[in-house]
Structure formats: C-alpha cells, structure tokens
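Below you'll find a set of structures to go through.
In the two complexes below, chain A is the common chain; its partner is chain B in one and chain C in the other.
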Partner chain A sequence: MDLFLAQLLNGCALGALYGLFGIGFGLVFATMGILNAAQGAYASWAAIIAMYAIELAGLPFPLAALAGIAAGGAVAVLVDQLGFEPLRRFGPGNHQAAMLGALITSIAFWIMLDSAAGLMTGQQSLAFPPGSYPATVFQIGPLLLPAMQAVSLLALAVVGGGMHWLNTRTRFGAAMRAVGWDPVAAALGGVNSRVIVVATAGLAGGISGLAGILAGISTANISAGLGQGLMLKGFAAVVVGGYDDIRGTAIAGLLLGVLEVFCAQYLSSSWRDAFAYALLLGFLMLRPRGLFGGGGFTRA
Partner chain B sequence: MTFRSTLAALALAAGFAAPALALDAGTYKVGFVTDNTGPLAFAGTSFTRGAELAAEQISGGGYMAVGAKIELVQKEGAGDAARSIQSYNQLIADRNVIATACCILSPIAGAIKPIALNNKVPLVIYGATAPGLPSLPFVYSVTGLPGPAEVAMSKHIAEVAKPKTVAYFVLSDNEAFQGRFKASQAAMEAAGAKTLGVVSVLSADTDFTAAATQAIALKPDLMMVYTTQSPAAGIIAAVRARGWAGLMSANDAISPLAVFKKIGPPLAGVPFPVNFSADASETPKAKGFIEAYTAKFGAAPDLYSAQGYTAIWLIAQGLKSLPGKPSREALATALNKITELEHDVYGGLPMTNGQAGTRYTLFLNWTPDGKIAAWKP
Partner chain C sequence: MSDLLEDLWAAYASTLGFAMVNAFFALATYATLSAGILSFAAVTYGAAGGFLGAQLLLNTTLPLPLIFLASALAGLVMAMIVAALFLRLESHWMALSSLALVLITRVVVLNTPGLTGGVNGLSLPAPLSMIWLVALLALAVFGFWLLDRSWYGIAAKSVREDPSVAACLGIDPRRIQLIAMAVSGLAGGLGGVLMAMMLQFVSPDTFFIHVAFTMIAGVVLGGSHHWFGPVLGAAVFTALPTVMQAVVPDLQDIANGAALLLIMIFLPRGLLDPRAIRLRRAAK
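So, the complex of A and B:
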C-alpha cells in the first residue's frame, strides 16, 4: 500500500508537469487556433536561461526561475510575431490551409530553436547546480515528498486555478475567448486582437517555461530535447482534457502521469507510452471534445 | 663485376627497393562520422577530440613515414541512424578516403557495417559496445567490451561488500545492456547475492522518481545500474534524492567529469569499472595523451576521448606497415594482422578477431569533491 501511495504521488508530480505544459499549449490552440510544435522549445529555453541565471549571474532560484519564465514568454512572443502574425495578416483565407501553414511554420521554429538551444548547452545534457534549488524531502507518514515535487503540484494548482479564473471571470479572459472564437467579430466588438494574441502567446510561453524549469530540476536534465517529451504528453493532456478547458487539461495531465507511473510499476515500462497514447487515441475516437471540452472543435 | 659496378648495382637496387618498404609521403584521408550534436553529443565531442589529437600527433611525429599525414574528414551523424548512414556514404564516395571510423550506438554501427563490407572499406568502430560487430578483414572495434569489466567489478563488489540482495536498473530497449546486466547478475548470484527485482527503464526516459521508488521499496543491499549515461545519472540522482544511502554501482558511463558536474555529490561512492581514466591511468603513453589532450582542449580527456584517439592510432598502425600508396583492401589486410596496438593508453590493447580487449580494469568512484579515486566500500 505504501508503494502504491508513493507511486501515486510520483505520478501526480509527473502529471503536474504535463498538465502545466498542456495549459500553455492549450491556451495557444484555444485562442489562436495554432497547433504550435515550437511550444516545447519554449520550455527548453526557459530552463536553459534559468540555469545560466544561477550559474553565471548567481541569481537565487526564485529569481532565476522568473528570468526563465520571462525568457519562455519572450521567445513565444517573438515566434508569434515573426512567424504567425504574417500568416494571420496575409495567409490563406481558408481556415484549414491557415492551420496547416501555422503548423509548418511552428515546426520550422521548433527545429531552429532546438538547434540554437543545442548550441547554448554545448549539445550536452546539463542540470541546475546541486544545492541551487529546494532539495528538502518531506516525510508525510510513510511517504516521502521531495520539495520540488511539492512545488510542481503547487504550481499546477496555482497556475491551473489562476488561468481558469482569468479565462472565465475576467474581461481579459473574455477577450481571449472572443478572439479564439472569431478574431474579426472580437475586433468589431472593441477587442484589440493583436494585444490579446501577444499577451496570450507570452502567457502560454511563460507557463510552458515554468513546466520546463520544473521538469529540468526533477529530471536533472536540461538540454535542447527537454521540451520534446513535455510537448507530446502536454498535447495528449490537452486532447484528453478538452482543448478549451483548463481544468480538463490539468486533470488529464495528472491522469497521464499516474497512468505512466503505474504502468511502469505494475506492468512494464516498455508499455508505458503505448498506454498513454492509447488513452489519447481512445479519447479522440470516443470523446473528441475531451473531458470538459466544448462542442466547437476543429481538428488540426 | 668490378667493385664500382657492384656498388652501382646495389645503389640501384636500394633506390628501387627503399620506397617500396615505406609508406609514401602524402596525406591519407580518414572518414570520421561524428556525433557532435544530438542526444549523444555529451560523448560525441570527446570521441572527436580524441581522434583529432591522434591525427595531429601521427601527422606531426612522422609515425607512419616521413611526410605521411592523416587528415580527418568529419561528417556529422548526430546519433541518428539515417543521418549517420548518409554521412558515411558521402565519406566513402571519396576514393581518397582510405579508412573510416564511426559510431557510438550499436544499432547504428550494425547498420553501417554492411556498407563498409560491401564497399570494402576499412571501418573502425570507436564507441559501440555490442559483441559481434567486428567482421574481418574490414570491420574492427577498439572499444573493449564492457561486459568482462563489469563482471569483474561484480565479483569484486560481491567479495568486498558482501551484499545478500540486489536490485537492478536495466534499459529494456537496449539489447547490449540487457546482455551486460545478465552477465553481472549471473556473477552476483553465483556469489550468493539474490536478485530482488529488475526495474526496467527506457533510453529516452528522463524522470526516474518512480523507478527509484520502485527499487527502494525492494530494500536491497545493493543497486546496480545498467543503462547509458543520462539514465544512469538520473537514476542515481533520483535514488539519492529520495534518501536512500545504500550501496549503488554503475558502469563507465558515469566516469566523465560532465556527469559529476551535473549530478554532484550524490554520485560519490558509486563504483564503476573503466580501463582509462585521466585521474587513474598511469602508463607513460596514457600520461602523454592526458597532457597533450589537456593542453589542446583545456580539459582532461575521458574514456570516450581515449577511444576516439585509439581508433585513429589503429588505422595509422595499419598504414605504417604498408609500402607505397596502399589501397583500402591492402589496409584492411594490414589491420587484420595487428595483434597488439603499438600506441595505446590502456597499458596494453590486444586485438583478437578485430575486437580490442583490455588487460586491466580500474574500479573507481567519484569523491564528494569531484575527484576520481580507487573505490573502497
């Protein structure tokens, strides 16, 4: 039973990273209709910047993490304005063609950003300096909870709750949803679509960046490929959770993490990813709107 | 025949014979598939640097013949099979490339091997460790198989630490590591150490908290790690982060300094077997290599640097034994005759059926302050 609970906790902590990343990924998809393959690179870049902020600038971890999150947001805004904005302005009117163009553009940025991240890390797998982040292990009854696992769970709760509030209870959230639904109609209604899009891109990049930083610590791996693993699982969390519902993404992320860990513990690690993607496939076939998703749905 | 005519005949004979005994002066191109980018770049850059140093020393020192130089022609494989094969094909398309070297991963080496055989190009594998890769007279491996060294370390641990129970971490998607694990497991069980469980992980895994929890729950006396570098480092870090302070062992993948820089003190006290270490290898050739490498690259060499270095020296030794301007086939035949490397950093490197084997294994560990020292339980 102790092992079951310990692995449940591990699964939730891992799933918190997927959920967190998925929130950022889903935000872009829901607001801008872009299946952004470069989103994983924002996570890598945020982790790299945060690590160098500690190593080179000597910043304490919280400030370094903020620097990383800001970097993730900045890269996201840059990609959006350089890559996606021209498509929005001058791209094809056909919705599906526009989505395909955005997807290809995002793949190009993904490859370029990953290559540049590889140069930044000297093509090595690096890590935050030992002792630079909270490493306490809490004992809760028979369970051990490393501080960074607690931080990951807390981050998902705060970011998930905060984004849900922002999305459903604020004017900014209403504007985001309006732009996501129809940018032209939103503009006619007085919403400055471009500002909303830029702010959403920055927010999504920052959230993915936070996921990257936490993943970089919990896996002791900061490299150009860091975001790729998050990307696939984050995408699965968005689909399973419902692409326009933050609560669903968070819960689906947790579900994926627990499924992955239990699969490795009680079945086989070789089957782990197969189960995760079988879940994704099952939702796509049986409930394409996901756990909490709305009725409007456009496949990429 | 007068004395003068005899002298003239001898001089003439010498004039014709002398060039035929030595390698012609000139530049000999060696194709080198690098892994300086991609998931294996942590090791790939070391292999390349070792090879570059060897080429420089061989060319500058006149080892093969006066004026005979080696030029390393590098093409990137990025640890990717398709790209490595493409790079390899580009290299051998140049008929001036007389020999080739490649591959960290065994599956990639296995894919390139038939290309070398079909095209009759000498290929020296510098990193892949799966048994059976060499194929005479064209394919050679300078990487001592890790299995025997790991079995030796298992026996050593069983003897000095006397563990009664063992849990193993094994890559389930890597046949070579499966084989190495099974050989060590057999040695441990023969010494009376019972297997409590095997925790499988995958090469691409990055999160090992669940795997660590699984192994700790088994409550073993010893945990043995049979994975590549990143998983090995991640597993040790995760196990230590969860407060388990028992005995762990790993393989040579954790020996490079970059791993200690990444993981830090949790790596201390984890023994690993190696046949070369900049901190522990003491033969004159090893010391010369360490000194030259450090001077050139500003950092001490690791075991991967030594392997890249050795690959080029093997090719040079084959070329040195040939007269004139040899063909690829002639070089392959010459390499096949080598039974012992002349210039090695391991204190002896016998070649048997194209496969290098080392005579000495060091059992080392990291100290908490980042030094490498002989392991003591």
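So, the complex of A and C:
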C-alpha cells in the first residue's frame, strides 16, 4: 500500500510536468490554431538559461527560474513574430494554408532552436548544480515528498488555476478566446488581436519554460532533447484534456503521469508509452473534444 | 571532366536516392491534402510497407516487383483501417490523431520484435538500384497526373476548397476522402519499402516524427496545389542539409531552418504554384 501511494505521488509529480507543458501547448493551439512544433524547444531553452544563470551568474534558484521562464517567453514571442506573423496576412478563409504554413515555420524554428541549444550545452547532458535548488524531503505519514515534487504539483495548481481564471473570468481571457474563434471578428469588436497574440505567445512560452526547468531538475538532465520528451506527453495531455480546456489538460496530464508510473511499476516498462498513447487514441475516437468537452458545430 | 562528373555522382547519388524516396512520402501526404485532410499517417503506412517488405526480402525469394506490390498493399490496408477510424473527425482533430498515430506506431514497432526486429531493427542485404527508384517514381507521378486530370481530381479540388459546397454539388466528400486515403496508403507503403531498401536497415526510428515533418515540409515547400510540387519539395528539403553542410558545416542545422523559414515566408504557396503560373500567363 505504501508503495502504491508513493508511486501515486511520483506519478502525479511527473504528470504535473506534462500538464504544465500541455497548458502552454494548448494555449497556442486554441488561440492561434497553430500546431507548434517548436514548443518543446522553449522548455529546453528555459532550462538551459536557468542553469547558466545559476552556474555563471550565481543567481539564487527562484531568480534563475524566473530568468528561465522569461527566456522561454521571449523565445516564444520571437518565434511568433518572425515565423507566424508574416503568415497571418493570408487572412481568414485561408485557414488551412495559414495553419500549414505556421506548422512548417515552427518546424524550421524547432530545427534552429534545438541545434542552437545543442551548441549552448556542448551537445552534452548537463544538470543543475547540486544544492542550488531546494532538496528538502518532507515526511507525510509513511510518504516521502521531495521539495521539487511539491513545487511541481504546486506549480500545476497555481498555473492551471490561474490560467483557468484568466481564461474564463477576465477581459483578457475573453479577448483571447475571441481571437481564437475569429481574429477579424475580434478586431471588429475592439480587440487588438496583435497584442493578444503576442501576450498569448509569451505566456505559453513562459509556462512551457517553467515545465522545462522543473523537468530539468527532476530528471537531472538538461539537454537539447529535454523538450521533445515533454512535448510528446504534453501533446497527449492536450488531446485527452481537450485543447481549449485548461482544467482538462491539467487533469489529463496528471492522469498520464500516474498511468506511466503505474504501468512501469506493475505491468511492463517497455509498454508504458503504449498505454499513454492508447489512452490518447481512445479519447480521440470516443471523446474527441476531451474530458469536459461539449458538442461542437460547424458553419457552412 | 568525366572524372569530375563521376565524383559528383558518387557524392550526391545517395542524396538523390533519398530525395526520390522522400518524394513518395511527400506524394502520400499530398494525396490526402489535396482532398482537404492534413494527415501525418503516411509514416504509419510507410512502416507497414517497410517492415513487410523487409521481412519478405529477408525470408522469401519473391521477385522485387511482387515485394513492391505487397508493400504498397500493406500501406493500403493500413490506410483503410485509419480511414475507418479517423475519417469522421474534424480537420484539426484528424491532424492531431494522425500525429498520435505516428507516436503509437513507434511503440508498437518497438514491442513486436518478432515482426520488426524491435530495438535492433532489421538489416537488409542488397542495395536498391537507382533504376528501380526512378521507374517507380515515374510511375507514381504518372498516376498522380492521371488522377489530377480525372473526374476524381476535380472533385477532390472542390472538397478541399469547401466540403459543404462540394456536398451541395452532389459530390460525396467522404467518398473522395476515402479514395484520397487509399492513394496515400499505396504511395506511403511503397515509400516505406523503398526507404528500407535505400537505408538497407529499418528500425523503430526509421518511421518516426522526423519523416512526418520531412514529408509535410516537402509538400508545402514544393507547392501543395500541383502533383509535381511534392516531388520538387522533397528534393529541395533532402538536398538542403547536404548543400548547407558543404557551405556552412558548423551551423548546418541553423542554416537549414533559416532557409526553410525564408522560403515559407516569401513563397507561402510553395515553389510550384499553378495559380501564379496561370496569372503570369494571363498577363502576357
């Protein structure tokens, strides 16, 4: 039973990272309709910058993490303005062409950012210096909770709750959803869609960056490949949760993490990804709009 | 002079070969895209064709044309399964599902070592002769040209532009898209076995995300409104790394990405754009 609970906790902590990354990934997809292949690179960049902020600049961990998050956001805004903005002049009615074009430019940025990240780390797998991040282990009854797992769970709760609040309760969130529905109609309604798009890109980059930093600590592996693993599972979380639903993504992320850890523990560690992706496929077949999704309709 | 040509050929023959193999994958993606479906599933059709072809090559003495046929049919069967599952999804979800399918393909390949060699993959003995590759690609391109001129080609264009309008005109979008998936499966399956023979090796990583991105980049780069676009795009996208390595060896990947980005921003409809050609002709 103790093992079960301990693994449940490990799964939740892992899943929190998937959920966090998924929130960033889903935000871009829901607001801009872009399948962003470069999203994983934001996570790698944030982790690398945060690590160098500690190693070279000697910043304390919270400040270094902030620097990493800011770097993730800045890279995301840069990618958006250089890679996606020129394609938006296609305008409405050519949605598929614009979406395809953005997918290709995001692949271009993925290649560039990953290879630049490889140059920054010297093609090696690095790690945060030990002692630079909180390493206390809390004891809750029979369970041991390392501080960084607690931080991951807390981060998911804060970011998930905050983004859900932002999305459903504020004017900014309403503007974001309006731009996601139709940028021209949103502009006619008085929304400055360029500002919204830049802000969304920055937010998404920052959230993905946070996921990258936390993943870099919990796996003790900071490299150009860090983002890709997060991206595959984060993508799964987005689809299972429903791409425009932040609560769904967070819960689906946790679910995937728990599933992965339990499969590795009780079934077979080589099939653990298969279960995650089977769940993904099952959701696409049975509930394509995600955990909490409602019915959809299309206009002619 | 002839020495120089021979050197060039030796250096770039494999690039040319891979350009042609990638052209099959790009054509497979173009097949569905020209009926309005963005799908990455051609990677899965390629895996079906590639591993079946590899097993046939290793364990039987079937003549090559039969192996090609069997692999293309394996792709077709896979495409029909995918069509049955995915075709009712909306376009965004279709794209996401097919991407998920690529991830699942790799896990399945990894965990069925009896069929696929698992982590170690399968090694194939004889290399593929360039003549076969050219002949098959010519055949495929001819097939796409015929399709483009046929009743199906016209119907597919209307479904791509607007499925609801196409339905009002008496075209069944579902049926057109099913045909598109079948064509995609055939091209993908064939591309899979050719990729396996070209590499003389197949492993779970042979058919993964990078193939999906290569082929979609090839199609969009070359032009997704003309049957020759994917072939051209695949050639450019395959040759780009080789060229960049010769020009800027240290920053090869960054230069690749930048080139792709610039082409996309300045030629968003691809290198080969029938609309631009028609406009230019009309202006004369």
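The rule is short, and it goes like this: the second predicted complex is superposed on the first by the 289 of 300 C-alpha atoms of A that agree within 3 Å, B and C clash if a C-alpha of one lies under 4 Å from a C-alpha of the other, contacts with A are read in each partner's own complex, and residues count from 1 in each chain.
In this text, a residue touches a chain if its C-beta (ideal position, glycine included) is under 8 Å from a C-beta of that chain, and two chains touch if they have at least 3 such contacts.
Please read these numbers as outputs of a predicted model, since none were measured by experiment.
Asker: Between chain B and chain C, positioned on chain A by superposition, is the outcome a clash or a fit?
Answerer: Aligned on chain A, chain C fits beside chain B.
Asker: Regarding the shared-chain residue A:7, is it in contact with chain B (first), chain C (second), both, or neither?
Answerer: It touches chain B, and chain C stays clear.
Asker: Based on the superposed arrangement, let me know which partner A:83 touches: chain B (first), chain C (second), both, or neither?
Answerer: Once the two structures are laid over each other on A, A:83 reaches chain C alone.
Asker: Please work out whether A:173 is in contact with chain B alone, chain C alone, both, or neither, and reply first, second, both or neither.
Answerer: Neither: A:173 stays clear of chain B and chain C.
Asker: Tell me the contact category for A:235 with respect to chain B and chain C: first, second, both or neither.
Answerer: So A:235 only meets chain C here.
Asker: Write the angle, vertex at the C-alpha centre of chain A, between the C-alpha centres of chain B and chain C, to the nearest 10 degrees.
Answerer: Computed angle, apex chain A: 70 degrees.
Asker: By the touch definition at the top of the document, which applies to A:270: first (chain B), second (chain C), both, or neither?
Answerer: both
Asker: Quick one: is A:127 in contact with chain B, with chain C, with both, or with neither? Answer first, second, both or neither.
Answerer: In the superposition, A:127 contacts chain B only.
Asker: In the superposed arrangement, does A:284 touch chain B (first), chain C (second), both or neither?
Answerer: second
Asker: Minimum C-alpha distance between chain B and chain C after superposition, to be given in whole Å.
Answerer: Distance of closest C-alpha approach: 6 Å.
Asker: Let me check the overlay on chain A: which residues of chain A are in contact with chain B and also with chain C?
Answerer: 270
Asker: In the complex, go through chain A and note every residue touching chain C.
Answerer: Residue list for chain A touching chain C: 33, 35, 37, 82-83, 86-87, 90, 96-97, 99-101, 103-105, 107-112, 114-116, 232, 235-236, 239, 243, 270-271, 273-274, 277-278, 280-281, 284-285, 288, 296, 298, 300.
Asker: Provide the residue numbers of chain B that touch chain A in the complex, in ascending order.
Answerer: Residues of chain B touching chain A: 36-39, 41-42, 44-45, 172-173, 200-202, 204-211, 213-214, 217, 230, 233-234, 237-238, 241-243, 258, 262-266.
Asker: Can you list the chain A residues touching chain B in their complex?
Answerer: Touching chain B: residues 2-3, 6-7, 10-11, 13-14, 118, 122-127, 129-131, 135, 137, 144, 146, 149, 215, 218-221, 225-226, 229, 260-261, 264-265, 268-270, 272 of chain A.
Asker: Taking the touch rule as given, give the residues of chain C at its contact with chain A in the complex, in rising order.
Answerer: 36, 38, 85-86, 89-93, 95-97, 99-101, 103-104, 107-108, 110-111, 164-165, 213, 216-217, 220-221, 224, 251-254, 256-258, 260-261, 264-265, 268-269
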